[in-house]
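Next up: some structures, all given as structure tokens.
Each of the next two complexes has chain A plus one more chain, namely chain B in the first and chain C in the second.
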Partner chain A sequence: MSFAEQPGAAALGGAGLRIPGLFRERRNGLVTLALLTPGFGGIAFLFLLPLWLVFQLSFAPEGADSGFTLDNYASFLGDGKLVDAFFLSIELAVLATLFSILLSVPLALALRRPFRSNRAFRLLILLPLMVPALVSAVGLRLFWGDVGWANLTIQLLPFVDGPIRIVFTIPGLVLFYVWLFFPFTALLTLAALEGIDPAIEEAAEVSGASRWRVLIHVLLPLAVPGILAGSVLTFIESFGAFSVPLVTGGDYRPLSVQIYTVSAIFLHWNEGAAMSVVMGVTQIVFLVTYFRLLRRRGWSER
Partner chain B sequence: MSQLPATYGRAIWDGRRVLGSTFLLAFLLYMLAPLAIIAVSSVGKTWFGPTFLPEEWGLDWYVWANSIGNIPEVLKNSVIIAAMAVVMSLALALPTGWALGRRRVPIRGFLSTLVLLPRMLPPIAFALGVAKLFYALGLVDTLFGVALAHVTITLPFALLVLSATFAGLDDRLIEAAEVCGSRPWRTFIWVVLPLAMPGILSAAIFVFTTSYNEFTLTLLTYGPHTVTLPVKTYLVIGDGFVPVASAISMILLVPSLLVLLLIQSQLKPDKLIGGLKGV
Partner chain C sequence: MRKGGIGAILATVALVVAACGGSNLPGQSAAPGGSSGGGGAGGQSITLIDTNSGANFQQYFTKTFVPEAQADLGVTINYVVSSGPETLQRMKAMTQGQGDFDVVFMKDNDLVNWVKSSIALENLKSHLDAIPNLSKTDIEGEKTVLGTDVNYEGALFWRSQSATIVDTAKIPNPPKSWKELYDRRAEFKGHITMVRPDAKSGGGRGYMYTFFHAFGVPFDAGDMTAVMATQQWKDAAAKFTDLTSYMTNPLPAEPPDMFQLFKEGTAWIGDYAQDYTIWATTQGLVPPTMKAYPMAEGESKSADGHLVVPSNIPDSRKPLAYKLIDYMLSDKIQLQLLTQMYQYPGTDAWQRAPADAYTKIPPFEEARKPLFTVTNSSAFDWFKENGMSLVKQQ
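Let's turn to the complex of A and B:
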């Protein structure tokens, strides 16, 4: 298996095999258990236990590790700034997802056809996934900043005097989020479009459909599962984004940044934990409803 | 002569093509310019005015990063932590990946969900718990502790890749070795390991780059002795030295770009999603 062929969750699904010797599928439960222990022990200790600690902290009185009170949730929900942070996170995630789709669909349509630098453009899509988010934040801040290249170019236009503020605004953050998180949408949209049987498209053309009609009535409907699967990834990545809004958000602090500020800077760990729980639950609820909806519509691939 | 007008006419009238090229060019600039400006800013000795390029060029910011930013020490931390994360992730994921890939495992669905769960929650939402736990155990501000915090993110990925690698091994080759009289451990060393090596290597490379780039969990578990490159970049930005941050960013970019070169020969869009994560 090559580096590029990293499988997703599906790979965990099935492995039925019948081979002799050491490699036969034995029913020796103890050996299986011993083999499973390191990995799942690691997950239990490094993920489940911290998750439980966050949960416990969120109900503990201020400064304590355990106990039961709803004060942390009350002070979170009573603080207008923190509630705004929650809605800002959702707003940014929704906008970033919409614009990612708007960028990804034409891009995938363009990359579907062979042309000379096609491969280079596919690599370009991977760039944000490989570059450390903090480095991207530095670059985006410089490029879109008041004296960055984008602003200098805008000012070459007539009727524009003075820099246009982009960094530290909501449109700016959306611009950055799209740069960072559209690859999930683009890659799965591209995969969906490339998976369409050319015969279907040809059939539509032979039947006299114009290119536009083929696009609207054949290609896009067939690509919808891919677009949706990709955009859900873009959504959760945007919702949870931390390093980029921390560096480029300015006064706009989404929930992730507020969790960090409240707990690690102001040392209100219990309130930070309550905010973490709300954030985690929101995301899980979103994912569950989303997949329910997909399955009901018959759009789910899994 | 007769061909010229035809080509000319096509170039003018093929609006779709022009539109497509413009769109791709704009996309190219949108993606690349923010990274290009980091490179320029890192070698721009003075660049304060609203100009497209620096007034003076020089490597001064790298010298600054080296002396004031203490980059050799920070780079050493980053590399040691990433290497420790690779060793720990593989040590934990190899046996479990083998079991998931090749053995009958009860409650498989539940275990799969467990592997995917850390990726479904925003890292910041459980990072507080990791910090709390590590403070209690005295792991904060140790190289081992920061590396272990990274394993939270890298272990599920290593499990996914390795279980798929082991599940995908060609049974016939293993069978052939057995039939030819090879003992189990010889089969394992000479047949199974070489076959699984690409998967193991890709897991190792991914864990290394993820740890090298990891910011969120480092920020909550680092201390004065365990500053890594991303944290240093953040601290330097906070101090207002953006050009120095650019110089450090250039060092941070190296492994990611190497990996991009490594994978560029085999691009399958849908397969890449599983492992790569930008935050």
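Let's turn to the complex of A and C:
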């Protein structure tokens, strides 16, 4: 309803004078602002402000809270060990994400069909999310260790002579990352698949498409947004994983562990802050690139 | 919408105000491991701040000491785990007569820092009548701690040290010296262990310092540049690097990981805090056949534990604080340190130790004799940041 159509508009001089509507809009806006302020304030105070402080610290000389220098970044980027840790983080995150997708898609395809114990399996997917990461790390360390249950079982095989080193290796870390973080991919993939109208699938089958072609040309393309959304979360979590590599990584110490070492043990807080900024920026770059690719392919709008 | 909008604003404000409310009064911190605060009305209670204990002793204090002390003394004991820096800040803010904690248990270097920071602490020697068990300690030894005059402001509660730890089921005839360990390294290939020197725990750095000390490195030759220029350093560093190729691969990230290696049978011999390691045998964390002993060239003396009473607590509470300290220095508690926690007492209670007190740890005099004090703390910093560069594993 335009202002001119509102009751009393004529008495107020028509469209040239919009005071009652303006008051109503302004009051609604103020109410909205008042309701949003605590939330935004909380986010700013509890989240953005600490991030800003870390950012500021990264440019301050070591031991100082303020100032400007690039020495912390130079120290990080000039340390081959730390740069290796950066690339190790990326490697682990990418591998964990890929394997999570490979595991999640078949699992989700199976779970979308009703069968006995379907609910139990769905709950099992949530199990890694319910257990604190450090507890998981210790459990994985014990289970997959040289004398853990996994190796005791593997050594029952006739062609296995001794324990297989799983802990303290990159394949082991990828395995542990997948166990911990695949639920994100699995759950969102499952949600995407369950959101597909069954009529589309039926239409394809009625049109003569085989089950395989339905899967490849109908289901998976429609599920891609969910798969990708879940894999983004898996990547983020894997990139920043700390407890698992600290306990089970051995000499393979990704960036998160190095940040902890540099900051909390060496007490080089400023250098640690610089490493944290690099880590955060890297994740943002990955995400932005990722979503741009999605948009280009049009998957995000389906 | 008019009423709804105002109501929504009021509700939001009410929620924010309620959320901002806290249960702690200024000056109190809800430190983990206990409650804080001074005595409540109508009942005697006392607050013991612990800035020294590791997980083993926190469990001991919580499960054993506090219940027994409360029963024996008839007071409520608030046991609070805190950190040295936090407690120091609280002490600096403590005004006369307003202190809310009564006894602090701390490391010797923290005691020195507090004294140098002019924190007002009670001269315990002048209260010998209220703390008669203080006479069982080396009172004059508390005049100076780590070379600093602390004017008897601390009571020695325990003595701590590192030791060589060995699974006697794997090594029935362990090496008696670091030199012997090095010479027999092939015999123990893959089974020698130490915590990473860049770990949170200082165990690995202590291992390296003790090893280098055993091979004659003159740590008091000056700063690390001067120390590292000596031939002894170069020889010891080469030997250490060689030894690491015989160690467990990878080195454990933290002590619990090291304990797990012992439990798995991968690790057979290492060097770590004696009390924690042997206590771990009672918890099933390491094999029950583990024992501790000092190497002939010496083991590093760890931080001793001292009890202090802030001068700014209300005078009416000081007698209770002295009573608690006296109780903690009693033979009952001091012998518990020895027999249950494998920690040497601060008093002479070791002279009255039962015969079976030394089945897993060496007798007091044997253990303390080869101890050396770390004289170059910057070496620890060097080992922390650069120690892994000396580790060469296949």
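Methods note: the second predicted complex is superposed on the first by the 260 of 302 C-alpha atoms of A that agree within 3 Å, B and C clash if a C-alpha of one lies under 4 Å from a C-alpha of the other, contacts with A are read in each partner's own complex, and residues count from 1 in each chain.
Basically, a residue touches a chain if its C-beta (ideal position, glycine included) is under 8 Å from a C-beta of that chain, and two chains touch if they have at least 3 such contacts.
On a predicted model such as this, the values are computed, not experimentally measured, just so you know.
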What's your read, chain B or chain C touching more residues of chain A?
-> B
For A:I200, decide between first (touching chain B), second (touching chain C), both and neither.
-> neither
Using the superposition on chain A described above, determine whether A:S136 touches chain B (first), chain C (second), both, or neither.
-> first
Have a look at where A:I236 lands relative to chain B and chain C in the superposition and call it first, second, both or neither.
-> first
A:D251 contacts which: chain B (first), chain C (second), both, neither?
-> second
In the superposed arrangement, does A:P38 touch chain B (first), chain C (second), both or neither?
-> both
Check whether A:L180 is in contact with chain B, with chain C, with both or with neither, and answer first, second, both or neither.
-> first
Could you look at A:A64 and tell me whether it touches chain B, chain C, both or neither (first, second, both, neither)?
-> neither
With the two complexes superposed on chain A, say which partner A:I216 touches: chain B (first), chain C (second), both, or neither.
-> neither
After lining up the shared chain so the two structures overlap, which partner does A:I265 touch, if you call chain B first and chain C second: first, second, both or neither?
-> second
Would you please give the residues of chain A that touch chain B in one complex and also touch chain C in the other complex?
-> 27, 31, 34-35, 38, 141-142, 146-147, 246-247, 264
Listed in rising order, chain C residues that touch chain A in their complex are 1-2, 5, 8-9, 12, 15-16, 198-200, 250, 253, 257, 260, 264-266, 384-385, 393
Interface with chain B, chain A side, in the complex: residues 1-9, 11-15, 17-23, 25-27, 29, 31-32, 34-43, 46-47, 49-54, 57, 103, 106-107, 110, 119, 121-136, 138-144, 146-152, 155, 163, 179-181, 183-184, 187-188, 190-191, 194, 230, 233, 236-237, 239-244, 246-247, 256, 259-260, 263-264, 269, 272-273, 276-277, 279-280, 283-284, 287
Spell out the residues on chain A that touch chain C in their complex, using ranges where they run on.
-> 27-28, 31, 34-35, 38, 141-142, 145-147, 168, 246-247, 249-251, 261, 264-266
Which bits of chain B are touching chain A when the two form their complex?
-> 20, 23-24, 27-28, 30-35, 37-38, 41, 49-52, 91-93, 95-106, 108, 111-112, 114-118, 120-133, 148-149, 151-152, 155-156, 159-161, 163-168, 171, 174-175, 178-179, 184-185, 187-188, 192, 198-199, 201-202, 205-206, 209, 212-213, 215-216, 219-220, 230, 233-234, 237, 242, 245-246, 249, 252-253, 256-257, 259-260, 262-279
